[in-house]
Amino acid sequence: MAKPRVALDVEIPSDVRYIEQVVELAARQCRELHLPARKCSLNLPVALTEALSNAILRGNAISNGKHVRVRALVSDDALVFDVLDEGPDFDIMAERIDPTTPDNVMREEGRGLFLMHMLMDRVEHIRSRGNVIRLTLLRE
Amino acid sequence: MAKPRVALDVEIPSDVRYIEQVVELAARQCRELHLPARKCSLNLPVALTEALSNAILRGNAISNGKHVRVRALVSDDALVFDVLDEGPDFDIMAERIDPTTPDNVMREEGRGLFLMHMLMDRVEHIRSRGNVIRLTLLRE
Amino acid sequence: MSFSISKQGDVVVVDVEGQLIVGNRQELKQKVLDELERGEKKFLIDFSQTGYIDSSGLGVLVSLSKKIREQGGELRLANLNDDLQTLFELTKLDTLFQISDTRERALESF
Amino acid sequence: MSFSISKQGDVVVVDVEGQLIVGNRQELKQKVLDELERGEKKFLIDFSQTGYIDSSGLGVLVSLSKKIREQGGELRLANLNDDLQTLFELTKLDTLFQISDTRERALESF
């Protein structure tokens, strides 16, 4: 198997208004690698938007001077996006709720981690200098 | 004076279809730093598009696996964009023609370096591992 | 990425053009709340020109539906494409909202 | 970012929505050349919905104007905003093209 190669590497300020363009770059990458159309139009854009907004709003807490980085890695069987923030550790398992229960469905928040897990083939949390959320989309 | 800080750092494949989104990220940066509207809507988008397309088409010659990187540096008095390719050296002075002469105005190519110089406050070519085109926009 | 508001009979129709996401959801919220404050009661959000919606966009829809109901009004949605339909099903929000296939059917349903 | 083509009398009108740049200029070129091949002679490109144009976009306009003239046709431009007007002046392309303030005036000028 070939070594995974970096296909995209973007660092932006902690401001949610940059998200849409970064996601559009990633979606283009997804289309050019000929992943299924649905994964490029829905799964990736929504999951990556969630990871980016959590990194900006939760991880970096919108701090001036802190950055968020997205790196795409392409391998033979998958497209992997790492979203890096500069924030404190958190427990991705504990934070994830089920927003579909009758109690939760009326809540205005708490659907981000859930959607990432539903829309991606794999979601991992790696603790490094900050948090790394690794989103994996299989080519299949 | 404060140390210049990296405000944006984007690495893309050698494919011109990524240019527009990268330029939109840069233009957003320009607007958020409150540079004059005209510089953010015309000067920066056009000059950066020229530098990126030269980096992709001329520098990297659209090679698969080669990347182009854009880095924005913000200082007290300027916004600086470095566009890095992985291509061979070239002579930015010698390559620049005057596309406005009666002979040249009908040509279909050769307006890129000219527009960069007209639209930016400063254009520099630095030879590093590849070419670095440094575009400077004063805040004024 | 923009929201255009028009009036069809006594229904306020909002077209969401582009994405409804964390970067712009406040704008949609404010526009609808302004109309609600003006006394409007019937709202239709049309997604025929929408790309994708993130969790904060979905959150704004939930929030608006509550606020509109509190004022005795109604919020309906129309024209979810397959991608958006999937999102509403995954989150079970399809059980919370009245969703129509077309704008016409949504307008008739009030 | 898209190009829409319509016909007003015997003039082919092309609206450039978004940017005209290296990533999409071939699409504009091909659309206009297709119409030229079909025998159309009068062309108007309307920039009222255009953001910016890069050197390769300008190059395509020059190329099209030559090709249309070779077939005995004419290319006119309309609705350059201040930014675009500046670009045409910097490159002296304002001397090469016939440019009108409005679509109506451009249509009358043929």
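When the chains are written out, they are named A, B, C and D in that same order, and each has its own residue count from 1.
Definition applied: a contact is a pair of C-beta atoms (placed from the backbone, for glycine too) under 8 Å apart; a residue touches a chain by one contact, two chains touch by 3 or more.
For clarity, every value in this text was computed on a predicted model and none was experimentally measured.
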Hopping only between chains that touch, the fewest steps from chain B to chain D number 1
For chain B and chain C, what is the smallest step count along a path of chains that touch one another?
-> 2
Please work out the Cα centroid separation of chain A and chain B, and write it as a whole number of Å.
-> 29
Using mean CA coordinates as chain centres, what's the chain A-chain D distance in Å?
-> 41
Please work out the Cα centroid separation of chain A and chain C, and write it as a whole number of Å.
-> 25
So which bits of chain B are touching at least two other chains?
-> 17
Among the chains present, which pairs are found to touch?
-> A-B, A-C, B-D
List of chain A residues in touch with chain B within their complex = 5-13, 15, 17-18, 21-22, 24-25, 28-29, 32, 65, 67, 69
Touching residues (chain side chain D, partner chain B) in the complex | 1, 19, 21-23, 51-56, 58-60, 62-63, 66, 82-83, 86-87, 90-93, 95-96
Taking the complex as given, what residues does chain A use to touch chain C?
-> 16-17, 19-20, 38, 41-42, 45-46, 49-50, 53, 57, 99-100, 105-112, 114-115, 118-119
